[in-house]
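What follows is chain A paired twice: with chain B in the first complex and chain C in the second.
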Partner chain A sequence: MKHSVKEDSGSLVVGFEGDVDLQNSPQARKVLLEAVGRRQPVLVDLSSVSYIDSSGIACLVESLQAARKAGTAFALVAVSDSALRVLQLARLDTVFTIYGSLADGLAQAG
Partner chain B sequence: MGAAAAIGQREHPVEVVDLVTHYGPRMILKGVTMDVREGEIMVVMGGSGSGKSTLLRYLLGLERATSGTIRVLGQDLGGLSHREITDLRKKMGVAFQGGALFSSMTVGENIMLPLYEHTDLDRSTMEIMARIKLEVVDLAGFEHLMPAELSGGMIKRAAFARAVIMDPRILFCDEPSAGLDPVVSSALDDLILRLRDAMGMSIVVVTHELESAFKIADRVTVLDHGRILFIGTVDELREQDNARIQNLLNRRAQPEIIDGDEYLRRLTGENMDEGTIQ
Partner chain C sequence: MTSEDTAPPPAPEGGELIADHLELLAEMGRDFAASLDIDDTVRRALARITRYVDAEGGAVFLLDDDGTQLRCTACVGATDITGLVLGADQGIVGRSVQNNTGEIVRDVSKDPAFYSKVDKQTGFTTRSILCAPMSVQDQRLGAIELVNKRDPGALFDETDLRVLEVLSTSAALALLNARMAEALVEQERVRREIELAAEIQRSLLPAPRPLPFPVHGLNVPARLVSGDFYDFFPLSDGRIAFNLGDVSGKGMNAALLMAKTASLYRCLGKSVGEPGRLLAIINDEICETATRGMFVTMVGGVYDPATGTVRLANAGHEPPLVHAAAGGFTALAAEAPPLGIVPAAGGEGLPETELRLDGGTLYVFTDGVTEGLRADGDRLAVDGFKDHIRAHAGQPTDERLQGVVAPLNPGAGTLHDDITVLAVDDSGPAKERAPAAPAAAAEERSERLLDIRVPARADRLKMIRAAVSQAALQCGCSDAVARDLVIAVDEACQNVIRHAYGGESDSEMVLEIRRAEGKIELLLRDFAETIDTAAVRPRDLGDLRPGGLGTHFIREVMDEVDFLPPPAEGGNLLKMAKRIG
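Take a look at the complex of A and B:
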C-alpha cells in the first residue's frame, strides 16, 4: 500500500494505492487520523485501491467519527464495487458520504 | 501448479483429488475427488459417520492424507510446512460443530481473538471490526455479554462473526444449525447467503438438513461411507425430488432503514455509557 496527502481547493486529499489490509491498515489509520487532525475537509480517494478489507473499513469508520467530533467534513471518493459491497454488508454505505469522482468531491466538500 | 492452472483455467479455491485417509488402521475417506469454486456455497451431506467432518479437517490441513492431493487457495497442503499451513489457515474461516465460544471471555473478546493472535492492529480497529461483524450477524450491542447470556442461535451467530473476522477467502461450517429450531436455522442460512454475496467468499457447509441445503447450496456433495455418491447442482439434486422443494428456496431478509449518526456512534462505541445492555 502506498499513500499520499495533498491539499486541493482547501481540502485534504488522502489517496491510497494497492491493498489496504490487515498488514498495512495501522499505517492507513495513522495517515487518516493525522489528516483529520488538521481540521480541513478530508477526501479519501480510493480510486487506486485494489482491495480493502474490514480492517481498512474500520479505520475509515474511526476516522469518520473523529472528523464528526472535530466538526470537519470527511468523505470517500471513487469507492470500488467490491469495497462498496463490504460497506453495504454492514450497511455502512448509509453512514459515509461517497462521491463518484475527486472533482465531485472537491466541488462539494470545500 | 494444479491441473486447472496448467491448462490455463483459473484454479478453484479447493481442489481435492483421490483423497484417501485413515484413522489408525481404518480407512475413512476412500478416494474423494471434489472441488469448491470461487464464491460458491458447497453443501456436504451424508449419513452420520460418512466422513463429512473428516473431509473438513483435511481441507484445513489438520491431518496428513494417506494419498491423493488437497489444494487450497492454490497451495498443495501435502507440500507445506506446519508454519505455512498456519499462515494459509488465516485465509480460512472456521465455524465448527458446537460453535464453541470461550465462556470466560465476553462475546467481543471472543470475536477479536483471531485478530490478537494474528495481527498487530490497534485495539480501536479491532473493536470496530468486531462491532461491524456483530452488526452483520444481527448481534449489535452484544459485545459485552458473556456467552452464557446468549441463546443457542446467538452463540452460533457470534461464532460466525468470529469465523469471518479476518475476511477469509473460504469459510468452513460444520453443521451450523445443529440443535437449533427451524426459524433460527433459517436465519442462519440467510446469514450464510449474505456473507457469500457481500464478501465473495467460498463457503463449505456440512449439514444434515435438506431444506437448508436446497436453500443455500450452489452445489451439493453427498458422501456415503467415505465415497462420493453425488456431486452436482441444486437443480440436479432437486430433480430427484420435486414440488415440495420449490417453496423452500429464495427467502431473504429485508434490509432495514437506519439512522447514520446513531449507527456510527454505535460502531465507534461512543454511546456505550448510555448502553442498552446491562
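Take a look at the complex of A and C:
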C-alpha cells in the first residue's frame, strides 16, 4: 500500500493505492487520523485501492467519527469497485458521504 | 310423679323440642353434614346451643388467619355484637382460646378479664358467661360464648359446660371441613382455568397438514401450559413461512408471552416475507411491553419448495440442524440475541442465513429435546438427537418426528421441559424439481483446486488473496463472485490470526479450495486452541463502531458457513461454500 497527502483548494486529499489490509491498516489509520487532526475538510481518494478489508473499513469509520466530533467534513471520493463492494457489505455506503470524483469532492467540500 | 315432672323442658320460643343433648348433637351433625355454607351452619348451631342451655344470648368468635385477633362472626339473642374484634387474648373468650379450656364465670364483675365495654355501649348487663374453645387437636379456631341463664335465678353448671364443649368441638370440625372444601373448590377452579388456557394454547399451534406437505411440527408439553411454540403457514407466492420458539421460564406467564409472540408472528408473517426483518419487528414489540427478565429464543424462516431454499433468522435459539440428503449434519448457529432483551438499532433486520436443502431436512427444535437427552448419558446431547434422526430417516416426516421424540418422553409426568420439534423436509419437493437424471450432480467428483499451508502472518494475506482469486476464476466464478470469495477468505484468515492465535504467529493455517456438486468449497484450518463457535457472531451493523465486521462479511457473501467439529489433533476447521454457475 502506498499513500499520499496533498492540500488542494483548502481540503486535504488523502490517497491510498494498492491493498489496505490487515498488514498495513495500522499505517492507514495513522495517516487518516493525522489528517483529520489538522481540522481541514478531508477527502479520501479510494480510486486506486485494489482491496480493502474490514480492518481498513474500521479505520475509515474511526476517522469519520473523529471528524464528526471535530466538526470537520470527511468524505470518500472516486471509490473503486472493490472498495465499494466492501462498503456495501458493511452497509456503510449510506453512512459515508461519497463523491464520484475528486473534482466533485473539492467543489462540495471547499 | 306429676305429669309436669316427666314433661320435657319448655320449648324455646319458635323452636322444636329437643329431648336430650345426644339428640341435639345428632341434629347439629345433620346440619353440618348438609351444608357447606359455613357462616349459616355456625349460626344455626349457635341458636340450637343457646336454646338448649337456656341462655339469653350467644356468640361465636373466630381467630383470624394469623391468630392475632378474635372476631365475632355470629350472634343470637341478647345484643348483636357481630363484627366485634378483640385481641386474641382479650376478654374471657380470649382466655378460653389461649388456654384451650372451657370456663364457667358465674359473676363476671369479679373477673378482671371481663371485657365490659360492650355492656357500657349497649346497656345490657352481663352477669355470667359460659365459654368453650373451638379446636381440633392443636388447631385453634375460636370459641363459643353464652351469656346469662334466661332464668335470672339460675346459674350455668358443669353439665351446661360439658354440653357446650362437645358442641363446640363438633362445630370446629365442621368449620374445618368447610374450609377444606372451600380450598378444594378454589383449586378446582384454578385447574379448570389452566386447562382452558392450555386448550387455547393448543389452538395456536397449526393444524397438521397431510403429506406431501413438507413442513411438520410436534409439541409435547411438560405441564398443562407450555412456553414453546411453532407455526407454519403457506404464503400467497407458494413459499411456506415457519417458526419455532421457546419462552424463558415456565408456567402461566411464559404461556402468555408465547401466545403473544406466536400471534404477532402469524399476523405479521403474512405481509413481511423476510424473517430477519419480521423477528426485528417482533423484538421491538416485545421489548416495549414484555415483563422484565422474560425473553424469547426463536427461529423464523421461509422455505421455497420450488427451489429448496430456506431463508432463516435465528434469535438466540438452539442451532437448527440440516440433515443433508447424503447424510451429513450442519448446525446453524444463532446470529442475534434472543427477542425481548434489546431493541434493534436503526430498524435493521436480524441477520439471515440462506441455504439450499437439496433434498435434505431442516430440524428446528427447543432445548427440551437436547436436554432431555443429556440426562441419559454423557454423550453430547445434540449427537444423541442426530442418532435419533438417522434412525428414522426413511420414514414420512410426521411419523419420523414421532419416532425421534418418542425416546425423550418415556412416560407420563416424567418430562422436565417441553419438547418441540419442527421439520422442513425438502425430499419430496426435490424429486419434483429434478425428475430426470438426478444422479448426474451427485456423481460429480469433487476436484481439489488449491491447497496451501502458510504461517499465520498478515504479510501472507496478499498471496492468499491472489491464489483464491485465481482458483475461483478458474472454476468458472464471475469476477464479482471471485471478489466476494477473496473477501471471505481474507476475513476468515484474519480471524485466525487475530482471534484463534491471538496475534501473528509462526503456527500455520491451511487453506483448501475444492469444487463439488456445483459449489466451491473453502476449508480453512488452524492449529490454535479450539474456540467456542457460539461466540463467533457478526456484529450488529446498527452499531457504528470500528471492528468486528469480518464475520459479518463472511456470512454476507457465502452461502454456507460452518465450523466443522475440530479434527482429532485439535484446532479449528471452518468450511465455507458458495454455489457457482
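Assume the second predicted complex is superposed on the first by the 110 of 110 C-alpha atoms of A that agree within 3 Å, B and C clash if a C-alpha of one lies under 4 Å from a C-alpha of the other, contacts with A are read in each partner's own complex, and residues count from 1 in each chain.
Following the convention adopted for this analysis, contacts are C-beta pairs under 8 Å (C-beta built on N, C-alpha and C of every residue); 3 or more make two chains touch, one makes a residue touch a chain.
Keep in mind it's a predicted model, so treat the numbers as computed, not measured.
Once chain A is used to superpose the two complexes, chain B occupies space that clashes with chain C. In the superposed model, A:V86 lies in contact with both chain B and chain C. Of the two partner chains, neither chain B nor chain C is touched by A:L43. Once the two complexes are overlaid on the shared chain, A:T94 sits against chain B while remaining clear of chain C. Shared-chain residue A:V61: touches chain B and chain C both. When both complexes are overlaid on chain A, the residue A:D53 reaches chain B and chain C alike. Residue contacts after overlaying the shared chain place A:D19 against chain C, while chain B stays out of touching range. In the superposition on chain A, A:A109 makes contact with neither chain B nor chain C. After superposition on chain A, the stretch of chain C whose C-alpha atoms clash with chain B is 453-461, while the remaining options among 147-155, 219-227 or 453-461 stay clear. Chain A uses residues 22, 53-55, 57-59, 61-62, 65, 82, 85-86, 89-91, 95 to touch chain B in one structure and chain C in the other. Note for the complex: chain A touches chain B at residues 22, 25-26, 29, 53-55, 57-59, 61-62, 64-65, 68, 82, 85-86, 88-92, 94-95.
Every residue of chain B that touches chain A in the complex is listed here, in rising order: 118-122, 124-126, 128-129, 132-133, 135-136, 165-167, 194-195, 197-200, 255, 258, 260-261, 263-265, 267-268, 270.
Within the complex formed with chain C, the chain A residues making contact are 19, 21-23, 51, 53-55, 57-59, 61-62, 65, 82, 85-86, 89-91, 95. Those residues of chain C that touch chain A in the complex are listed here as 348, 458-459, 461-462, 465, 480, 483-484, 486-487, 490-491, 494, 497-498, 541, 544-547, 549-550, 552-553, 556-557.
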